[in-house]
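Labels run A, B, C and D following the written order; every chain starts at residue 1.
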Amino acid sequence: MSENLKNGTGKLFTNVDPDKMRAFVREKNKKKVSKLTTVKEAVEKFVSDGDYVAIGGFGGVRIPVAVIHEVIRRGKKNLGFSGHVSTHDCQLLSAGECFDRCDAAYIVGLEARGLSSNARRVFQSGKINVTEWSNGALSWRFKAAAMGIPFIPIRSMLGTDTFNYSGAKEMFCPFTGKKLAAVPALYPDVAILHVHRADIYGNCQIDGIVVADDDIAKASKRVIVTTEKLVDTYEIRREPNRTVIPYWTVDAVIEVPFGSYPGNMPGVYFSDEEHLSEWLKVEKDEQLFKEFLEKNIYSCKNFSEYLEKNGGMEKNEQTYSAGASFKIGGENDPL
Amino acid sequence: MTRYNNMELMITIAARTLEDGAVVLVGTGVPVATAMLAQMTHAPGLTILFEAGGVAPLLPTMPISVGDSRTTHKGLKATTMAEIMEFCQAGMVDYCFLGGAQIDKYGNLNSTIIGDDYKKPKTRFPGSGGANDLASLCWRTMVVTPQSDKRFVEKPDFLTTPGYLQGGTSREDAGLPKDTGPYRVITDIGVYGYHPETKEMMLISLHPGKTIEDVKANSSFEILVPDGYEMTTEPSDHELEVLREKVDPTKVIIGRG
Amino acid sequence: MSENLKNGTGKLFTNVDPDKMRAFVREKNKKKVSKLTTVKEAVEKFVSDGDYVAIGGFGGVRIPVAVIHEVIRRGKKNLGFSGHVSTHDCQLLSAGECFDRCDAAYIVGLEARGLSSNARRVFQSGKINVTEWSNGALSWRFKAAAMGIPFIPIRSMLGTDTFNYSGAKEMFCPFTGKKLAAVPALYPDVAILHVHRADIYGNCQIDGIVVADDDIAKASKRVIVTTEKLVDTYEIRREPNRTVIPYWTVDAVIEVPFGSYPGNMPGVYFSDEEHLSEWLKVEKDEQLFKEFLEKNIYSCKNFSEYLEKNGGMEKNEQTYSAGASFKIGGENDPL
Amino acid sequence: MTRYNNMELMITIAARTLEDGAVVLVGTGVPVATAMLAQMTHAPGLTILFEAGGVAPLLPTMPISVGDSRTTHKGLKATTMAEIMEFCQAGMVDYCFLGGAQIDKYGNLNSTIIGDDYKKPKTRFPGSGGANDLASLCWRTMVVTPQSDKRFVEKPDFLTTPGYLQGGTSREDAGLPKDTGPYRVITDIGVYGYHPETKEMMLISLHPGKTIEDVKANSSFEILVPDGYEMTTEPSDHELEVLREKVDPTKVIIGRG
């Protein structure tokens, strides 16, 4: 039968062997100790040139902007990354020319807002090694890694160029004989996530869409978490059903209020659509874009300065809290 | 002068496809406007899902992102992308709405590259996103798009998302779930389905004021035109009123039409 | 390579083909309508002789006792069931002689409390068709079904008689060449679950351990839910991150306070260890056991009568609320 | 008269094995008593998991079920059995504690049947439960059990849960994760490990008052006795005090010893 089976020709950028990851996890310190640190220290300690990076959230929703800016400021190079609904984060990493390879499911776009001309320039340059996947496939690759298995069989991607340019393999189901696509586990070197609440040990809660953050945290060798709010461990223990990410997966915790700016933080603040439009606009002019990056990233000593330059807490409090009217839930409002 | 523009026409016709009680997975823009219109007219029991994890929210206004706050606003569940895709894979989702830079006669879509060198494409688009999964796993794929010969192509530069692949039985032969596939293409010219055997795109109804010439002139492949095609029933005043006043009062989507 | 691969010799009691289940799910009414009913009606409508049944919870924790008693009273026969930590529920189904086949991971025991001599009699009779699994394997079989894939590859069971007497198959990983155990999706005909809170549509919340209830609900053709408390849908919409089971999977909802009795309900009431001991004791004498079953199940017109006969609400309020001191969380208590 | 009974001795010795910062998956009875004792003495940073879904609770008293209220009492996470098993499969769990009706020289366990007819067994036990998964997937399997020639058998009637299977490299050859396997067997007579090459059970230390004769008389297979075996260090007053007063004040477990 196997002569009928196709393999995707895309390159796998990460190890697939679960026993290698098991050996790493075994040695990792799983003691409940404080992981509180700063964005600068976290990037210095946990992100190295050449690392494969996974970014949490959904492109423009619950994204860890402070850490990505620091990665750019520090001039990290030759990263790999998973383009799992990578919108503003892909735009940022492209602006910093930080990567040379990418597992692409959704890149270069900002959903309904349009396409990033600079990210397209980067991906059209021929300098980036790209392997295609679907969003589902990348989600399931993280899930396989989180589950400790080398692959998961799925029923999408089959028959398409997305499959042909992926690193998936066709296989027959041992029970039904049906053709399936096997997608390999994806173990990032480092995950960068932004959550609603975390304690000093790294136990995290998320409101609203979880996307793939739960599996990404378990799949990654190192995990950097920024959190809107640092909470006492008592808050975590009060509702153990709400813990999405358990402490032993996490290496660094930093409290960064408005940390998803200019993105949306479900139930807390909305996206700054004006600023995101400006991004898309200035990218079309190389000189303007250079100045824009200098102002908003390179010359900023930290994320607070970026916030200040774009309206600061005042704008945040006003404009963005307006977006909080889309509550997860909606406390006082009958149906 | 018509009572509606092309965008309003397409959204209205698409919304009628969604029967009450169906489950639909939508993206931003036209798809979510379509689902909201259906829910506010004939299909109050429509279940709306978003691939980022939002399940059955009470949508206050149209989301700008498939994952923004609105997609879980008073939702019945907020979860992971994997779980949403698994609902699709398990056969729970009746409809998905997709688009693309190119579509061929079998409903295959391209949203990855334009050009003939994958490594150095002329134009890079986002790629599959969730489209490949949704078109593979949901029962019926809907495409709502303006029609032109640039978009309706003989051979897409990249087959991102499966329609009926090479037609006939090739979709199921490739391993994709049984009885799934493209269902309707709704353009500014007409509504199309697919031939039951060959799976080629086929005219179902022609919009008011449009001709078979328009159908043919705006496609690079031949669209089948059976004898019994119908004329599209125009949007009703009620549909237009709900669309304009409740679904898209700021004309973000229908303003484009 | 395949000549080196072993297959378990155990029988598969359920369909493995995901396309058959997809076709069923497609036709299932997924409209948000009230599923409120009674235990009697639910069993009459949704449980038939010969059905394969999956029971939620963890044997003596969060178990749907009211529905199981009704299954016994109605004399349901030739059921199949998944022995996924099946303790008091296995004891009950054995008492009713309701089944003739079983996917066994954990059966006939009540954990630290001892073994059920009657359940053992049944399983030692030679009349039950048994296929062996591990708890993990059964969990993953439900998960494969919930995910819509025909199997999941796992790394346990290999090399043992548990594998040899299972329905699993060895396979080689298409990426690493490693040997894995493929476990097939398990689609029960009917799931019986007990939860903390549900609305009339079947949206359910669970406090504490979820066990496999989330996957079982999605894997099963029909789902009967009993709930400690019926809540307004507004309560569900207030916290969409807490919804474990979504409404479209559910066919019947019945409010049954103390519905896990004599089992434990995390955060609400504890188990009645006295009564469970009595069960284990009377099982040793055939005549006594017959009388015990007559009193506690067959002669009861419903679950309330069973509760009344065993101390009723008074005992429940007193003895069992004591167990509620083991809160999920622990509201007022600093660490 | 000794200062402690066999149960107290076994629990104390087992608890010492668990280093601070380790992750341990326990069942009810001796295992949870062992983990609690370790946590209350030398290993405050021990992470305790339960297969039903409880993660790192502040255990008020010993659970009677692996899933009862106590196992999530002020826990850091409450989840599914699948997720707990996946933590094990991903290499996160250092120790699990198991038992069985029979154990052989390679640490294989039987908890399924006694008898030679699977279809009509003389005695039916619960089966694997989570034991097969835990012994397959956690790094080190611990067994704490009273020793007798009935329990220490040449060939178990059913190989429920993997030890080193047929010894040598057979465990990894079967596909089980690398570098995992039985670690210690702690009985009322001694502490045993496994020969690094052949994987046969091997004496590590002999309890006070016990002899090599006791070791041999209470096993149906030959236990290796190397020259360099040690004498078990007795439970300290502090260990016994914590065990009796904090871990098991009502003597549910240690009362059996």
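Heads up, the rule we're going with is that a contact is a pair of C-beta atoms (placed from the backbone, for glycine too) under 8 Å apart; a residue touches a chain by one contact, two chains touch by 3 or more.
None of these values were measured; they are calculated from a predicted model.
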More contacts between chains, B-C or A-B: A-B
I'd like the Å distance between the centres of chain A and chain B, where a centre is the mean of that chain's Cα atoms. 28
Roughly how many whole angstrom separate the Cα centroids of chain B and chain D? 57
Between chain A and chain C, tell me the centre distance in angstrom, where each centre is the average of that chain's C-alpha atoms. 37
Cα-centroid distance, chain B relative to chain C, in whole angstrom: 40
For chain A, jot down the residues that touch at least 2 other chains. 18-19, 148-149, 154-155, 178, 180, 207-208, 210, 233, 237-238, 240-241, 328-330, 335
Per-residue multi-chain contacts in chain D, two or more chains: 58, 72, 74-75, 78, 89, 137, 177
If every chain is a node and every touching pair an edge, decide which shape results: line, ring, star, complete or other. other
Show me, using the given definition of touch, all chain pairs that touch one another. A-B, A-C, A-D, B-C, C-D
Would you pull the chain C residues touching chain A in the complex into a rising list? 16-19, 148-155, 169, 171, 173-176, 178, 180, 182, 184, 206-208, 210, 233-234, 237-242, 328-331, 334-335
In the complex of these two chains, what residues of chain B are touching chain C? 20-23, 45, 47, 55-58, 72, 74-78, 86-92, 94, 137, 139, 177-179
Which of the residues in chain A end up touching chain B in this complex? 57-62, 83, 85, 87, 104-109, 111-113, 115, 120, 123-126, 130, 132-137, 139-140, 142-143, 154-162, 165, 170, 178-181, 207-212, 214-215, 264, 266-267, 270-271, 273, 323-330, 333, 335
For chain C, which residues are in contact with chain B within the complex? 18-19, 21-26, 29-33, 145-149, 203, 218, 233, 236-238, 240-241, 243, 246-248
What part of chain B is in contact with chain A in the complex they form? 27-29, 50-54, 58, 60, 64-75, 78-82, 85, 89, 108, 112, 118-133, 136-137, 158-162, 165, 170-171, 174-177
